[in-house]
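Shared between the two complexes below is chain A, which has chain B as its partner in the first and chain C in the second.
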Partner chain A sequence: MNRDTLRQLMPIVTLVVLVVLVAAFQPSFVNPATLLGMASDTATLFVLGMGVTFVIMLGGIDLSIQSVASLASVAVALLITPLGYLAFPVAVLVGALAGLLSGIAHVQLKIPSFIATLAVGGVAAGVALLLADAQAITLGEVERGYVGWITGTSLGIPHEVLIALVVLALGTVVQHYTAFGRYSQAIGAGEPAAHAAGIRVGLHKTIACMLSGAAAGLAGAILAGRLASGSPTLADQLLLPAIAAVIVGGTAITGGVGSVWRTLVGALIITVVRSGMTFLNVDIFIQQSVFGAMLVIAVALTIDRSKIPIVK
Partner chain B sequence: MAEAATIGDGRAAGWKKLRRRLAPWAPLLVLLALCIAIALVNGRFVSLRNFARIADAASIPLVLGLGVTFVILMGSIDLSMEGVVAFAAIILCLLVANGANANDFGLLGALAVLVIGAAMGFANGIVHVGLQIPSFMVTLGMWFVGIGIGNAILGGIQVRVNDPLIRALALEQFLGLKFQVWLALGALAVAWVVQEHTRLGRYIFAIGGGEDLARLSGIRTGLVRIATFTMAGVFYALAGIMAAAQQGSAFALIGGGRLFTAITAVVVGGTALWGGQGGVLNTLIGVLIVVVLANGMVLMGVSPYVQQIVQGLLIIAAVALSVDRMRAKLVK
Partner chain C sequence: MSTAAPAPALQLVGIEKSFPGVKALQDVSITLGVGEVVGLIGENGAGKSTLMRILSGVYQPDAGNIRLHGEDTVLRNAQDAARRGIAMVFQEQSLLPNLTVGQNIYLGAEAQFSRMGIVQWSRLYAAAARQLAKVQVDVDPSTITGDLDFATRQMVELAKAMTLEEAGEGHLVILLDEPTSVLEQADIDILFARVRALKARASFVFVSHRLDEVLALSDRVYVMKDGGVVAELPAAEADTRQLHQLMVGRDRHSEYYREAQQRPFGEKVLLETRGLCAGAHYRDVDLTLHVGEVLGIAGVIGSGRESLCRTLFGFEQPTAGEILLDGAPARIAGPADAVAAGIGYVPRERRNEGLVLFLSVAANMTLASLRRVMRHGMIDHAAEARLAGEWVERLHIRTPSIRALCLNLSGGNQQKIVLAKWMNAHARIIILDHPTRGLDVGAKEEVYDLVRSMSAQGLGVLLIADTLEETIGLCHSIMVMRDGRVTRRFDAPSGAKPRQVDLVEHMV
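Take a look at the complex of A and B:
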């Protein structure tokens, strides 16, 4: 078994082992209600991670997603009264715009993606604070009527799970059946070669940034519906778990290797670890530290060192 | 035709030369222009009290900026400072006289906090070098590890600092400036000496200029990297102490937003993200630009939230201007 197959299988094996472990300690973990609850907890994380997967596959990173998601939640909270259902597409659009801004800064101005997205994240957070006047905006009785498509259930399945499945389907189509999906893998695998082959590297990087922004926007909208409020700090704890989901799933930060499905597995691992720790009464703050450590370990395992002669 | 091209080339070359000569001075010129512009709009900007206020506001960002400057000079990045600041501030509050337990270690407590900062920086360095993981990923992890552990120790409460010595940093003055300003200036002096007069300082520049060359000329680059991250950790811990003194307490989010300001300051000051260019004096200028801008906006009645937007745009502008497009063929 070569290293690459091992890398592909490891996340799934990890997930199964974790589920078995947690179930052994806590049999109630495997009843359908708990599992469905877990699936809906995973939804937001997965949507965030799905977007950033494309950026990481290209060899970049997006540190703006938590601020963009918060901004989108504020946009939903403010726009749902005048616009109704239209507020949700607008939130996604706001996210895509923020992504476009990152893309332009990264591609046109040649700024490394982590600093470009850090800066755009700051701008997005500033705009959100300004719009919401640094307050959480609670949705009223009437506005809550519009979030049923997020919080409701159909056939016993929470809508969040259905939304995540639709996003998964879209992500799969984009990755496997569009020129962008193929090219982004090629660029991640070897940018100079991709460039030489005539692929418009800059264009695809910008599209990836916009996808990531749009996904963050959708995640923000889901959160706003779920918590019935919008706030400039709503998604503040989600950056690390989202990136950890992508990396733990087996997408390498060196680019070229990765997929939307791996991110799904990664997001599930994060959720199982979180639920497991909650069952075991691990302090909620320590959980952040555990995710930080998991991220570093996963990077160490998935990174392709032949691609970076000098590690900076 | 050929002649026209030559003239065009000559002009471009002249422009390039002028640009190269002016570039090191650009941050200082920006700072001066900014001060003059703000003073013209609002006369209250020019007063001893306001200058003291600016120095006060600049002291913590300066100490953080100094630490990360060395890391950026190597061409790496350190995103962990908010975690180290939070952890350091929390540990400090629990070690000196405080509102939660009976400890009263005074200066010894502060010293212990600096050692803890060094240990966290060392952990960054050893994971980064030992496992060959890019620094931004390692330090992203440490950011959340620091905040998480600090929070877990604190259990979500807020601890008051009662130690008079620590409180004096933010309350007592000497020659019209608060103690913490003098402490920050002391840190600047130390950083400057490290940069200019030690082997470590020179090695850091060598690595930033070209790591393969540095390695070939016999520099133990891994060791230098670990030392630099460790040193940065000490600076962050010092900033954590100052933050605890200023707030009079420690809490989970005491480091919030500081990373962004510090990185803006370093980059705006003219230290290149690719490494090898810039230094601690650039960071001083950069911090002053950011703080003066914020001060001016407050004087003009601009919402504080706009400041964050402006800072974000500043980062983009400063990095975009400093990009050496010949060298940066592959930007990730």
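Take a look at the complex of A and C:
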């Protein structure tokens, strides 16, 4: 019991300690402008992580998210001229479609989720390269008029932060108040019992994959707005931090335990580490190594070995 | 004939073994002479499996001695038992289907054929061929094991056991655990001939539910009941009728099973099967379950009753025949269909299939009927808590709170949550697969009370019980199965219950 409580509190304690630590070396780190900047930096990462949280809670994994996000950014860049604002929902839909493909491969063809999503990620990356002719597509003056809802600020708060808050609210509702949210947790914690209770396990796994894909699509759209371009490699380097955000936040890689809020804390930890390294003049190239190490440590600390005696 | 040789191959003296809440073995003493075949029989739960696990080193006895060839021995683990020449031939075979026969025979013992870490396969295969010759099986050791039929794999298993002859101390003790249950008669004859031929090099303990086979193969027979040996007799002087009598004969307290509360069941048919078949598991099963009826299925391992119940809940698909719900043909493609049709299933594997252990008491109770606590498409947590609280009170579930994880509750309380889940889902048909397994006496009685109250409410209950007394005590009607077929049906009205021996006759 006590150990469980400790485990639950660890991510938030880690976040606070990290902020204090960095602030001790660089007091300017905690001024409001820096913090708001960090919050908007976190938005994309959080949206990506929020989607994949459900897949991980179900006991699976989604490795396609960075390619799907890049594909969505390309879709936005190509479609914003003919479709205007409609380009953004289409991007989300493209993501959901990629998730559906993963879901079908995983559930209907009974392929482990990491292979199914790795493969679908490859497919998405290829399609993105093809559509964008392997180049970044920069948004023109007119097109930039459509991205104000991403890049602007209201009452001094960056819109990205507001978008992330809306996503957080939606994710919380889905998790706590819908049958899908409850079943995800049940399936992740004990699939045989969930199956024997009449829950359509395959259907909910597919929904989770689609949700993850849609979130990746939205993340891609946000990135496109933010960087005023779409590119087949736009979200590269985001897979590892996104998965790390989910796990560092305290969602168990073995499934059954997790929440959208934990992913928010995890994403903030990742951002603080990233910004902190910049503030402390740590070489930027070492970032991915740090995230990799954090992921290993987080899994090692949180994994419940009584649940999986054999690790493959 | 009783061959009490000076130093028996194996002697068990006063073996005791307990598990939490259960005394599995009590003062068990068994002697196995050199070159002897000893039969071991008993009802499900009599303690045969526990005894075999002790003999193969998997369990340690709490008290008592094991003597091998006259010497006190401790079998630390399965490897230790094997080193001392005790081999086990399981019903569920231990061979890996993707390896060759030779690789399987020497799995884990390749070092003897290795030079500097490289296995010399030709030497291993030559040695494997010698083992196969001992049991007179004509199979190339380089054959992939999965390509062989079941009977041949069983013989390979025996050949694998024979490797211990060279590895250990010569004369072997081979434990045969239900080796015939899935074999055809011709293959059984071959297996028995091989066993007889091997008597010069090995002694055998033969566990089976088929009494005629036990009598045919064994020199002596031990009968077990409730964790103890109740009889030991030469096979030549025994007959199956006598063994049936010895296997049963416990007193059944009608009060314990709430027999006074048993009421006649209704006319309306809830569930019916016609000519239901599932491959090798069961054939031509006709079953009728009425409103308020508790229908018991009696049978030993391999009777097909478990598989039948899993078919009715949609885990398995029948290969022929039909299932009717309320008189209309129904297709149950999966548990979701079964639940939608008002069927509930209380599985034997409670901690795996019955409950999501890492989910709260309340969430488990509403798992099969979440819609009941949803308002406008959202889970109403307050309503869920209220409902769960009501069940906790009604079924006297002892839990710190409805938000506590099921993981930490006792077996009896866990089982009550499983039952609450199905009553909450308004299931009309409940399949109980060993509902009292592992429960203490008090918890068992509470389950019996619930079965009676479900029956009184008009639910149809299909019961696979842990013991025959439970089947007879709780049920209105009993269907006996043997080797996948229904062999007999009994009415079991209160006050005119069949005797255990009547059932056993048709079970084994």
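A few comments on the model shown:
Here is the rule we go by: the second predicted complex is superposed on the first by the 311 of 312 C-alpha atoms of A that agree within 3 Å, B and C clash if a C-alpha of one lies under 4 Å from a C-alpha of the other, contacts with A are read in each partner's own complex, and residues count from 1 in each chain.
By our rule, a residue touches a chain if its C-beta (ideal position, glycine included) is under 8 Å from a C-beta of that chain, and two chains touch if they have at least 3 such contacts.
None of the values given here were measured: they were computed from a predicted structure.
Of the two partner chains, chain C is the only one touched by A:194; chain B is not.
In the superposed model, A:256 lies in contact with chain C only, and not with chain B.
Legend: residue contacts after superposition of the two complexes on their common chain; A:176 is shown touching chain C, with no touch to chain B. Of the two partner chains placed around the shared chain by superposition, chain B is the only one that A:127 touches, whereas chain C remains out of contact. Touch criterion met: A:185 reaches chain C, while chain B stays clear of it.
When the two complexes are superposed, the chain touching more residues of chain A, out of chain B and chain C, is B. Of the two partner chains placed by the overlay, only chain B lies in contact with A:289; chain C stays clear of it. Using the contact criterion defined above for the overlaid structures, shared-chain residue A:82 touches neither chain B nor chain C, since it reaches no partner.
When both complexes are aligned on chain A by C-alpha atoms, chain A residues 192 touch chain B in the first and chain C in the second. Residues of chain C that touch chain A in their complex: 313, 315, 334-336, 338-340, 345, 347, 349, 352-359, 363, 367-368, 370-371, 374, 377-379, 381, 421. Those residues of chain B that touch chain A in the shared complex are 74-77, 127-128, 131-138, 140-145, 147-152, 155-156, 211-212, 252, 260, 263, 267, 273, 275, 303, 305-313, 315-316, 319-320, 323, 325, 328, 330-332.
Those residues of chain A that touch chain C in the complex are listed here as 173, 176-179, 181-183, 185-186, 189-190, 192-200, 256-257. Here chain A touches chain B in the complex through residues 59-61, 105-106, 109-116, 118-123, 125-127, 129-130, 134, 191-192, 240, 243, 253, 255, 283, 285-293, 295-296, 299-300, 303, 305, 308-312, going by the rule given at the top.
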